[in-house]
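Letters A, B and C name the chains as they come in the text, with residue numbers starting at 1 for each one.
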Amino acid sequence: MTSIGTGYDLLNSIFSPDGRNFQVEYAVKAVENGGTSIGIRCKDGIVLAVEKIVASKLQKPNANKRIASVDSHVGAVYSGMIPDGRHFVDRARDEAQSWRQNFKTPIPTADLASRMGGYLQAYTMYGSVRPFGITAIVGGVDTSEETPVDGEVGSGPAVGAGGKVPGKHGGPFLYMIEPSGLYWGYYGAATGKGRQAAKAELEKLDLPAGNITIHEAVKEAARIIYIAHKDNKDKEFELEMTWISTVDGPTKGRHVEVPKELREEAERLARAEDESDDEEEEEKKDDDNKMED
Amino acid sequence: MFRNNYDNDSVTFSPQGRIFQIEYAGEAVKQGSVVVGIASKTHVGLFAVKRNAEELSSYQKKLFEIDEHTAIAIAGLTSDARVLSNFMKQQCLGHRLTYGRPMPIHTLVGQIGEKAQINTQVYGKRPYGVGLLVAGVDENGPHLFEFQPSGMTEEMVAFAIGARSQMARTYLERNIESFADCSKEELVKHGLRALKESLVQDKELTVENTSVGLVGLKEGPNGRPSVEPFKLYDGFETKEWIESVSESQGGEGEGEGEGEGETAAAGDGDGMEVDS
Amino acid sequence: MDHRPQAWGRPRDDVYGAYDHSYMQENGPKQNTQQPIVTGTSVIGIKFKDGVVIAADNLASYGSLARFTDVKRLRPFADSSILGFSGDISDMQYLDRHLTELSLSEAYESPDKPRLNAANLHRYLSKLLYNRRSKFDPLWNHLLVGGLDDNGEPFLAAADLLGSTYSAPSLATGFGAMLAQPIMRRYVPDEESAKKLTREEAVDIVKEAMKVLFYRDARSLDTYSLAVVTKDGVELKEDEKLENQSWAFADRIKGYGTQTV
């Protein structure tokens, strides 16, 4: 059952006799070494967070952003090979843009996830390419309001064809897309090195019940990243967090960075819990200067 | 012939999820002579040690102006660097033409990052064998980016790439707190000292082999910052700077007070050759 | 009755005569837009010491028919610039979508603050318009761009369907170039006088000019949009009404209103 030495793992897009594509499995390994990314879906929005490992002290603090906007209402974060992640984001932006051109309305998160799932899948199909070395978490809030189509400048005819099907529209959505192109919708998603610990914490939140707000989710996300970082404790990290609320919330349906004060407060709580957890453990000498911005 | 089965091309993952061809391309950067970049609040400096193929040949350029407001320092395959540099020049020119403004540095670096990533994901291509330090200024101030063959780009306060660059990086890390408030002159001294750290035992900075490049912001009309265009200093223009950091004079001359002492500890030469 | 499928949905030859295929020439020269269809009239703008005021009425005409009376022809960009469109409305809508795209991709690069200022935007649009006219497929608009330039000074410039650009302390497109421009120019003949103008004065001048345009331009409306751009952003009001109208002057004009002699 081993992959190595059989030759079936030397080329993308070929099956082994037992029906596996080893190159895709190896791509997943690249993801599993990356800093932890998580996403939380609550009733009133989405929170995305990532543990950015600081590889060198010479990096400019807080300058190298890892969570990207795909459209004004969609954000994406990824673990694994960062240049691959940038490629993913570029493509996602192109998809969102072409959706706007075709339909004159922002792309629903579900459709974006579907398009990107298809894109990643295509990179498992050919010997001439390799799969993406990332798992991406895509979160968005599709608007629930009656919105004008892009470029509409008057109200148009009051009667006639058009109009929306009555019922519930929009809301927060969260998807995680793997190197194989497989994607699922999530209430809480985690990937990267600390995903096991992060998933365990996410499960405790009982997110499907829908009783935490994005403000609480920001604190939970910070806490979870700090817990996930325990798998990677010898390295320093920065916490980056973004959020998208529904239109009546603090971000008005837009994907933006969590305000500094809020993030710092969440980090303070996370650190406090962290310290009380390892009280018996010896004091980490550099714990203090670790996250000073 | 190959070290293992997984390093033949850039579209094959190893069982550990690594792509050896990208890592090998990273090694090509380490074959190039060292370049250093440092950013202060107002300026970015690029510093390089140039090599000559033989005694009578000229020295290979290491710093290239891309546009008025941005420049690169290269380490690795010069011809790959030229491809990227031409691309960057075109993008900057195009941006000036269509928007009437200098290209934001982050955007520019993003574009070469994208370009380089494609080469790591498609069969028949190879990663670029060159690393860059991209220096520039825009509305958000001075920036210094590192670019790697993998397509990875990161904004740095200061950085060094190329042969024995770890020594220079160690110097930069020791002095990182002082860079933000450096004057142009102080920036140059730090840059040259960092370069010296990476030189092999009996090699010296000379007017022939040293390049300095500076770009920054100056006070413009009505108090708004305006671009102080990139200027490359070569040959005798670098003489005074080189002398000011020579061992005999140490750091005491201009009294900027940081980084003293360590400069003397230059190159404990492990014998790695720095010429091509 | 002709039951052949080729004839379905076509005017009957026996009633209307044979279809004149010369209207649908396949081998003639290719034609692009020859004229605007649904149009917006003048846009006017004036600089003052801290920024720019721009106004345009809310009418979209279909020939001489006042077809849509709630069309917003001023469009803010990144809360730092304002665009006024006259000319073809569907081309305006196309440009509007195009600018949404541009502002999104601009926001990816720097989410915190807008970086494309009005001068950059004007340069970009003029290239776009020139590019289209050079394909003999122009976007049939005349634009005013207002905001601040690289140095934070008030910026006001025009770009037209030919890709021509020009700038002045006050600008007007369409009928406004004849009727409103002279009025505004009385107040701001040069940059110096624009630097002295206050915001209130500038708004008053624009409102006055809009009134004159409504009096004399038969394709105009008394409901209009007015925007003020300063370093603090764009303030856009889209449902202004012309106040204190006086049609007394109309009495003395022959051929006006209900007069018969």
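Note that a contact is a pair of C-beta atoms (placed from the backbone, for glycine too) under 8 Å apart; a residue touches a chain by one contact, two chains touch by 3 or more.
Owing to the predicted nature of the structure, the values given are computational and were not obtained by experimental measurement.
With every chain reduced to the mean of its CA atoms, the largest distance from chain B is reached by C. Here A-B and A-C were compared by C-beta pairs in contact; the pair with more is A-B. Closest to the protein's overall CA centre, chain by chain, comes A. Rounded to whole angstrom, the centroid-to-centroid distance between chain B and chain C, based on C-alpha atoms, equals 49 Å. Computed from the mean C-alpha positions, the centre of chain A lies at a distance of 33 Å from the centre of chain B.
With each centre defined as the average position of its C-alpha atoms, the distance from chain A to chain C rounds to 42 Å.
Counting partner chains per residue, chain C has no residue touching two or more of them.
Within chain A, no positions touching two or more other chains are listed. Chain B has residues 110 in contact with two or more other chains.
Residue ranges of chain B in contact with chain C, taken from their complex: 97-101, 104, 106-107, 110, 139-140, 220-222, 224. Residue ranges on chain A touching chain C, taken from their complex, read 68-69, 71-72, 93, 97, 100-101, 104, 150-155, 256-257. Here chain C touches chain B in the complex through residues 109-110, 115-116, 119-120, 123-124, 127, 150-152, going by the rule given at the top.
Against chain A, in their complex, chain C makes its touches with residues 60, 68, 70-73, 89, 92-94, 96-97, 100-101, 104-105, 107-108, 111.
Across the interface of their complex, chain B is touched by residues 3-4, 9-12, 22-23, 26-33, 56-60, 63-64, 81-84, 86-87, 90, 123, 127-133 of chain A.
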